[in-house]
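Here's the structure, in structure tokens; my notes come after.
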Amino acid sequence: MNHPDAWVIWIGVICTLAVYSILYRENPVFRFFEHVYIGLAAGYGIFTTVTQVLVPQWGIPLFKEGKWSWIFSMLIGVMFYFVYSKRHVWIARWAMALFIGTGAGLGIAGFVTEFVPQMKASIKPIWHAPWTLNTFSFNNLLMFITLITVMSYFFFSIEHKRPVLKGSAQTGRWLLMIAFGAIFGNTVMARVSLFIDRMQFLLFEWLKFHQPY
Amino acid sequence: MLKHRWLLWIIIFAAVIGWALLLFLLGKLRSREKKLIIIVTTFLGGLFYVLEFFFPGKLHLFSWKTVNNPFTPFLEPLGQAFMVIGGFTLLLGVINLTMVHGGNIRKLKKGWYNSLAFFVAMLAMAFFGLWDAYGKQTTPFGKTAHEIYLSLFNGALVSLDATMFSLLAFYMATAAFRAFRLRSGEATVLVLAAFLVMMGQVPMGMWFTHGLPTEGSLSGFRTENIAMWLLGIISMSGLRAVNFGVGVGALAMSLRLWLYLERGAFFEQEF
Amino acid sequence: MNLEHANTFHLILMIVICATIVITIITAKRGRKLFIRRIPGLSAIDETVGRATEMGRPMLFSVGLGGIDIPTLQAMGVMSHVAKLAARYGNRLIVPVADAMMVAVCEEATREAWLEEGKPEAHRPEDIRFLSGEQFAFAAGMMGLVIREKVASTFLFGYFYAESLLLAEAGQESGAIQVAGTPATTQIPFFIVSCDYTIIGDEYYAASAYLTQEPTLLGSLVGQDITKAILLLMIVVGTILAFFYVEDKNPLIQLLTRTVGG
Amino acid sequence: MMQEKRKVFYIRRAIFLIMAIAVAIPLLVKISMPIIVSWPTRDLYEAVEKVPPDKIVVISNNWAAGTQGETAPQTAALIYHLAKRHKKFALWGWNSVQGPLLAQQIAEPIAQKFGLKYGVDWVNWGFKTGSDQMVRAWARDIPGTMKEDINHTPMSKLPFMKNVRDHKDIGLIVEITGSATVGTYIRFLYGIYRTPIGYGCTGVMVPEAFPYLDAGQLVGMMRGLVGAAEYEELAGYKDGKAGKRMAAQSFAHMLIIALIIVGNAGYFIARRRKNAHAEGGQP
């Protein structure tokens, strides 16, 4: 979009200002554009589902290539609609059960693929041969302490009253708060940058202010 | 695959009828039996992915025979099938939206015109998008449809998305103002960490410590280095520790659902 | 990262972990008394429902942006607990949904909750509101909903992405009491700054056990604790072994690398 | 109580307004901002400088339009530096179809400015599907894996490829990405052949990259938009997009920091007043 039409810019400006109006308070203009937005998103959802899923992944294999077994994926999909029938609701549940089962299976496999590499990455030498001052890593020690204490905070079946666990869990909570604070601070940059983007759109593409840089 | 087109239609027709008949007959079962079907389905659905993953890619049977994983070839078509099934549930959302907004318009509830705007937007986007993809594009109408689709997408949807996303900058400012109070020790370290990371990410914040050397032990006190240290050491390992717990929780839940040990929203009710 | 299949070590590890969890569940079912420590955020849920009832204003429960997957199903567990309370006290519960398939699941779960409380006629299926599958369209719709319906309390459970702060700030703006929990760890800070109670980390997966006090779930929670202890022990042992690490030529490390894989 | 609510309402709106002004002013009025370069960016810059003339630099564009706010300026700054120093470079990507296309749009005007010839001084290998296995094969045989470039020109027709066969001809790979892709290069290029890897990532991904940097698996890194601005400063890229936004970005960050300080000052004053009041109220 290098030289967008004037009216595309105007549509963009109206939408932008309408959304920003909620910063003052919820108002009829925002409400109107909220509905338009949901409508557009729903329409776009229909569009992408048809063009990216139903036609290329189902229609073409079934009707063009004659792979008749694809009909069953439609039949299972239709089963979900029985949720609106009080008597036949079990049909919808049956279809849901299939998804719940696969979700569970993927969850079990996913645990290994996600967390075993992370566990390996957590094992780091704090101090290794030849054990001089240069091979001691304070950062690795700190990472180890953070990991241990934060994990200890999340034990639920033991009361956090025993002195060792209490101390560890308390330390873990503090370190966790540092971690959350840092994440908050780190996200500020990305969000502000998005707002600068919008501001540049309003100032330079719409109001055509002179760019000083 | 099939030589005759009519054969395909017959098979499709037979499949639909057969499926309906099957559902009808299963509907006659007692609710306990239906429940059993559901439990077995859940188990089988999970079993496939578990076997596929835990069966080695190539199994060497004492070097006289090598067996490839028999499940892996089905992984992709199955994934595609689930996506298609998901695609067919699309209308569940649309029906829900239509019922709510259709009701608003029919009863002329307060703000019914918003609901009307919803319908216009949805139908316009879907219609012009689909026309652009499948309709005739060379006709004057086709060209207009293309233009309308593009301006709805680039002008409206993209702007709305970007603007909603950028609201976060404002909300982060007010949230920081309201919530970042040094009430307790925990709150203080949270605020300090956020403070330092924000400083270490912009030139103005880095400028405060630019006098410190770039090498040696004092360089660690430059704001950008403090920020990276907080993020890379404490945040990273803290979040990793949390994620271990979350992962174990998800694993336990998966197991319970898979083996029908869960007591929750789903399997309780009799039909 | 791109592990395609498990190796023997993974298989053994998983058998140990799964057996632990299943065994604790079974012993709990047989009636072993189990202890769970207090989790403040979760204790607040019942209180939050109570306040909405006193004020006579509806509640809102979002199950996040996920489809039918594990985090979302856990959110459903909490949701059905809240729905039962709502049914008991005759309160309204609005459920905005972001996934077409979840419309069916939420509809089912809420209907069941009202049925279980013996008031099936009071169930309002129109309060299950599909808003949008698009992240920010959903956020816009939910912000509007929270403010217009003047909800007294909001529950944000499930998988959230960047929109977490938008949703929570809308509730803050309308003065609702908010309880939030998500397995998306990087979103937790935003809930902490704008919600009254935040459920952190795997407290999220402890929620349904804590709320229902169901022996099966409590047993599972104890199993999870043991599993975490096993993982912790492995990390500790690994770190101790790493003391003998010499560049990357140490046979011990190589052995470890080969078995753990990944 | 009611008054308290009104106060909160107005303070909130005032903050929104100040935020908008704080960002608008530095965009409208030129405010020069001294850019202080952090060490990961400097290390990356120096690693690029050190690439010997007989080796190429590979820019791996595993980013897409969704993150281009941060990743596109990074790519531009890097290409500018390479073009300025007349170092040979190749673009490609395997995570997103858009990446190499967007990079091409960035590279063309810069190459033109420095009089670089496509196919001789730089190439774009385009998008290739596959990840781990493909990258492994690529490291062993670049022309064989690539076959043709983004314009469907066969590798044998490109003069650039004359001395490019495998990983030995690569002096540096810079991965620019918005998703978790760098691990592939670290395992299969750095891990096996010790090929230096540089990194440019979005701000939210910085925490995950730090351990790699610490372990020397990455030679340097641009961290989000600020990294791009720092690189522009080092490379002397005056038209860079990131540098122009740093003033606005700085103002917004400082505003939030100021808000935290003001909020706390107010909180402590209110608390002291309350305490004093409570003491005064004692009989």
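Going by the order they are written in, the chains are A, B, C and D; count residues from 1 in each one.
Throughout what follows, a contact is a pair of C-beta atoms (placed from the backbone, for glycine too) under 8 Å apart; a residue touches a chain by one contact, two chains touch by 3 or more.
Note that the structure is predicted; figures quoted are calculated from it, not measured.
Asks: Report which interface contains more C-beta contacts, comparing A-D against A-B.
Replies: So, comparing the two chain pairs, more contacts are at A-B.
Asks: Comparing centres built from CA atoms, which chain ends up most distant from subunit C?
Replies: The chain lying farthest from subunit C is D.
Asks: Could you grab the centroid distance between subunit A and subunit D? Build each centroid from C-alpha atoms only and quote it in angstrom.
Replies: Result: the chain centres lie 21 Å from each other.
Asks: Could you please state the distance in Å, as a whole number, between where the Cα atoms of subunit C are centred and where those of subunit D are centred?
Replies: One centre to the other, that is 34 Å.
Asks: Averaged over CA atoms, how far is the centre of subunit A from the centre of subunit B? Could you give it in whole Å?
Replies: The computed centroid separation for subunit A versus subunit B comes out at 7 Å.
Asks: Could you grab the centroid distance between subunit B and subunit D? Build each centroid from C-alpha atoms only and quote it in angstrom.
Replies: A distance of 26 Å separates the two centres.
Asks: On subunit C, where are the residues touching two or more other chains?
Replies: 1, 6, 10, 14, 18, 67, 70, 73, 101, 103-105, 108, 133-134, 137, 140, 186, 188-190, 192-193, 200-202, 206, 221, 224, 228, 231
Asks: Tell me, which residues of subunit A touch at least two other chains?
Replies: Expected reply: 19, 22-23, 31, 34, 37-38, 40-42, 44-45, 80, 83, 89, 93, 96, 99-100, 103-104, 106-109, 111-113, 115, 119, 121-122, 139, 144, 147-148, 151, 154, 176, 180-184, 186-189, 192, 194-195, 197.
Asks: Which positions in subunit D are in touch with at least two other chains?
Replies: Correct list: 16, 19, 23, 203-204, 206-207, 211, 214, 224, 226, 249, 252-253, 256.
Asks: How about subunit A: which of its residues touch subunit B in the complex?
Replies: Listed in rising order, the residues of subunit A that touch subunit B are 1, 4-5, 7-13, 15-16, 19-20, 22-23, 31-47, 49-51, 53-54, 57-58, 62-63, 65-68, 70-81, 83, 88-91, 93-115, 118-119, 121-122, 139, 142-144, 146-148, 150-151, 154, 172-189, 191-192, 194-195, 197-198, 201.
Asks: Which residues of subunit C touch subunit B in the complex?
Replies: Contact set of subunit C toward subunit B: 4-7, 10-11, 14, 17-18, 21-22, 25, 67, 70-71, 73-74, 76-77, 79-80, 97, 99-101, 103-105, 108-109, 112-113, 115, 126, 128-130, 133-134, 136-137, 139-140, 162, 165-166, 169, 172, 183, 185-186, 188-190, 192-194, 200-202, 204-206, 208, 212, 214, 216-217, 220-221, 223-224, 227-228, 231.
Asks: List the residues on subunit B that touch subunit D in their complex, please.
Replies: Those in contact with subunit D are residues 169-170, 172-174, 176-178, 180-183, 191, 194-195, 198-199, 201-207, 210, 214, 219, 222, 224-225, 228, 231-233, 235-236, 239.
Asks: In the complex formed with subunit D, which residues of subunit A make contact?
Replies: Per the stated touch rule, the residues are 23-24, 121, 139, 182-183, 186-190, 192-197, 199-200, 203, 209, 212-213.
Asks: Touching subunit B in the complex: which residues of subunit D?
Replies: 11-12, 15-16, 19, 23, 33-36, 38-40, 42, 203, 206-211, 213-214, 223-224, 226, 229, 246, 249-257, 259-260, 262-264, 267
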